[in-house]
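I've put the structures underneath this note.
Common to both upcoming complexes is chain A, partnered first by chain B, then by chain C.
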Partner chain A sequence: MKQVASALHTRAGLIAAIVLALVLVLAVIGPYIAPFDPLKNSGAILQAPNATHWFGTDYLGRDVLSRVLAGAPLSVYTAFEAVGIGLVIGVIPGITSVYLGRTYEWITLRVMDGLIALPFLIFAIAVAALLGNAVQQAMIAVGILIAPAFYRITRAAVLSHANSQYVTASQLFGASLFRVIRTHVWSKILPTLVVATANATAAGLLIVSSLTFLGIGVVPPDPTWGGILASDLSYLSQAPYGPIFPSLLIMATVGSLNLLADAIKDTSGDHGRVRLLKRRGRRVGTA
Partner chain B sequence: MTTLNVRGGVGRTADSARGEGIARFSALPAVISTAVALGRALLIAVPVLLVSTFITFMLGGLTKQDPASLVLGDSATPHDVARMQAVFGLDKPLILRYFLWLWNALHGDLGSSWFTKIPVTDSIAQRLPVSLSVAVFALLIAVLLGGTFGILAAVRQGGWLDRVVTVVTSFLATVPGFVAAIALIIVFTLVIPVLPSGGWVPPSAGLLRWASFLVLPSLALSLDTAADLARQLRTGLAGTLHENYIVGAQMRGLSHARIVFVHALRNGAGPAVAVLGMHVPRLIGGAVIVETVFALPGIGSLTKTAALEGDVPVVQGALLVTIVLVLISSAIVNVLLVRLRPAARREI
Partner chain C sequence: MTALLEVSGLRVELGHGRGRTEVLHGVDLTVEPGQIVGLIGETGSGKTTLARAVLGLAPPNSGTVLIEEQNTTKLRGRALRAFRRSGAAQYVFQDPLRSLDPDRTVFDTLVEGLVVQGGRSRDELRDAADRVARLVSLPAELLSKHPGELSGGQRQRVAIGRAMAVEPKLLICDEPVSALDASTRITILELLLELRRERGLGVIMITHDLGSLAGVADRVTVLYRGNVVESGSTQEVLLAPQHPYTRLLVESVPSLFDDEPLDSNRRGELRDAVRALELDEPVASVAGTR
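Moving on, here comes the complex of A and B:
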């Protein structure tokens, strides 16, 4: 993960990484440090943020901070799951489509075009609801739907290197297809792929929160960041600050993922190496 | 050279007086060639349509929902269930059912709901105007906002406006659609109560009233697209404005507005138009969030309710209509892209 490491040397990359680390910690230990039972109703409904309830309480008197903490794992892990599925079924055909003949290439291109034409959110909802209203099904659907993005990005990156002379040379020396991909192609497409993955995780998080907001893939009392927002919606006139905390959390996570992607983009590849060298040179010069 | 450009629908050259005279003369062929290009773009979409509708149809085949037992209830005998399955046509193989469904769909018959028995085409026809008007309104707002700020940022490169646009667009990219919608409701119905917080009236109830119900949902839907458009337009245009031919145009003393809008915009807008094409499906398919928050009776909410009930024909029909809309709009965007920059023909 050389790409990520060099991105951490920029200020934006470092800030993004710190926020993401905090969110990850929250996702792991969140449910255990919740001060109240996230499912327990109380008489104190729709309270403003105060010393006991830092984020206030919702319409059933449940502590919002506890619900946000308890909902963290489901909200974060599911995004990773979807991106993981998308990576596998997008990248593998993306690389192989360049090498395995025209018929295979044509088929994968048409299938990916077909997937792109599917209206994203509606299709994810339909899959999740029709295949049993569970979060796993929803994530498989989202994963399949983001696969074309990975497919296109990988394919474009591979195509730009597939006919390089050093690749042809190694093929003439008798290197197997797998060896060519592993030693020559993979290292060239990795920076692009890391950036795409960070961006896709941000998009995945937004989609997951949208789905849970609509009540897809979750059973009602279970807390999720999107679900908390949905329950706030009916009580906006009594508690207009209700949506602020879960929204801020989603936005901070998504924003840092995008920021990290930009930082990696700026510091990887030939262009990025030049930039890093220049920065280092300037620092030496001023010191 | 001039004639060639005009026939290709470009029609804008430096010697504008002669060029425009010929352009007026050959307006008809330009229309025809655009129609041909559109037809070809739609033809390319046919295999895509087959793949995506087959995936949609498979969904109905994979679901464990059995309409026969759903409709008949617990007390049904196996014999009744078998009879019901024959009525719904579920005893035939999946692939045959797909082609039957597609054939009927081509003749305007999408079957009827398993539960309410209302024809799917009727439900869709009722809700399509809502979704379409929100999507079109959102597209207009996105093009207007994104275009204006993208061009302004590119022209004032490095200035405060450029920086503000960059910050605002990066911020908007992190805002989930429903958060934007909730924020708009809070601002425009609680803080400044000027607009309705949700619901829908048809345009026949008064255009102004119709528009007042349309503004907030469309704005909420357009923000993401507007931000992306502004960012792409800024990047594309900023690069183009440094090209040699722009410097040449400046040397010849052409006005600043003419250089930006005629010379640079055409070459710099390519990425922005391509991004717009990617966003159109999101405007049509992403409307489900906005429809939920603003309680709009659109296609998205129809699909959502039907999917949660397990009403497969409604889901399949609504998805088919959405896919067709998406394919038509991306074909239009592709044609637009080629018209804008003939060199882009090979990219699609």
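Moving on, here comes the complex of A and C:
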């Protein structure tokens, strides 16, 4: 991933990568460094942050720091899983719809239109009812529902390059469709796709929480950042600082994803070429 | 000697559904090895469509395209890709900036055809790129550059080099010099002449600029509204044009020594003559030089 590597040479990209790395580390080791049992109730409910409970306690007297740490893997993995599913079932048809003929194009367009028309919550509830109420099923539902966004974005990006003369030249050499996409199309759509992915991952984190709020997917008392946020919101008058800790983590993750996406966009595609040429101090072509 | 390219009775329709229009109405064209054939005609006359049909980019309704005696109109899918990998016919686009992938270096672009053919090591590709760069007079230090860092003439050399790397027998150049300034134009035309001399390359040069054909083409074919209206040696066609449309084209070429290239009465006369002959087909609306 040349584009990602060059994005890390910008300050914004580096900061974003460091924050994301910390979040990932948290997702891996979070449950093991939690000072208390995240599920254990105690009499000390809704305590303010103090020396024992750094982030305070929630309405059942559970240690918030432990819950935030223990909830990290579930929150992060589920968001990535949903986006991963969405990417696979959105991007692949998105690219191929441009090249594989009008019938295939028509079918994929109508399927994606159909998915866009589905009301999100009703679909999620229906999937939970059909496949059982668990995290995997909920993430499949979320993934399917964000796929049309990826499909549309990818398709639009591919369309603007699909019939470029260099693609025709490549086809005249007898290049396969896969090769044409890999060598000529992929680098053009990647910046757009990365930004969309970062945004979708951010949305994914929040969707997981909103589903938890409805009791779909992650079932209480299992902690997730979104779940902690939702329960804290009910006790704002008693513990107004409550939502700060889970929100800070969600914001840091979402914010750095967006920052990274921005850096990648700036260092690849047309922007990236202009940057590169400017750094080399040469005349910039009318690309 | 067998012809390199033999197009006969080629009919091509473009567009979909009710907008479908026949753009070529049975075109014949022959190119011998080592011959440069100029294809001239106004915008919408079907020049580019003819080139695309020869290359299998626009499927014909009827007629045949024989490249080295192989009928390419019947090839589909895998067979078509296999034929293309042989590199027999290549295409050079009008606008060298848009025809080069801005993300890939000159080296990547030059060896793309060889990479697609497969079976070459990195070193062999390096050698091939150096050879092609010399062939089209590109300085070796440009190989690591991106198209945005090159001048217009250099870009067109890269585009010609990309096509020449697979050692084609037939090169179709669509307005190869119209995006270039006059002095660069000459060097590119000289390059084509040299390639013809050294490689026995057959060339179809699509253009609306008669001036760039005069010193270069052996034969000229005039396309008007999807029909070949005149075809012959360059001298015959340019010095003694038979068809009114050709006459209009020839007389419209501005000369440095005339005060007025073509007076308006004469031009009107010729236009009327062309109209009188009207080939009762509407001007193709879909085609264009791009």
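Some points to look at:
Keep in mind that, in the parts below, the second predicted complex is superposed on the first by the 269 of 287 C-alpha atoms of A that agree within 3 Å, B and C clash if a C-alpha of one lies under 4 Å from a C-alpha of the other, contacts with A are read in each partner's own complex, and residues count from 1 in each chain.
Definition applied: contacts are C-beta pairs under 8 Å (C-beta built on N, C-alpha and C of every residue); 3 or more make two chains touch, one makes a residue touch a chain.
This is a predicted model, so every value here is computed, not measured.
When both complexes are overlaid on chain A, the residue A:209 reaches chain B alone and has no touch with chain C. Once chain A of one complex is fitted onto chain A of the other, the partner contacts of A:32 are absent, as it touches neither chain B nor chain C. Residue contacts after overlaying the shared chain place A:169 against chain C, while chain B stays out of touching range. Of the two partner chains placed by the overlay, neither chain B nor chain C lies in contact with A:178.
Legend: residue contacts after superposition of the two complexes on their common chain; A:118 is shown touching chain B, with no touch to chain C.
Touching more residues of chain A than its counterpart among chain B and chain C is B.
In the superposition on chain A, the residues of chain A contacted by chain B and by chain C do not overlap at all. Put simply, chain C touches chain A in their complex at residues 55, 57, 80-87, 89-91, 93, 95, 97-104, 109, 112-113, 116-117, 146-150, 162-163, 166.
Against chain C, the residues of chain A that register as touching in their complex are 164-166, 168-176, 179, 183-184, 187-188, 270, 273, 276-277, 282-287.
Only residues 45, 47-52, 54-56, 59-60, 62-65, 170-171, 173-179, 182-183, 185-186, 190, 281-282, 284-286, 288-289, 292-293, 299-300, 303-304, 307-308, 310, 312, 315, 318-319, 322-323, 326-327, 330 of chain B touch chain A when the two sit together in their complex. On the side of chain A, the complex with chain B involves touching residues 110-111, 113-123, 125-133, 202, 206, 209-210, 213-214, 216, 226, 229-230, 232-233, 236-237, 240, 243, 247, 250-252, 254-255, 258.
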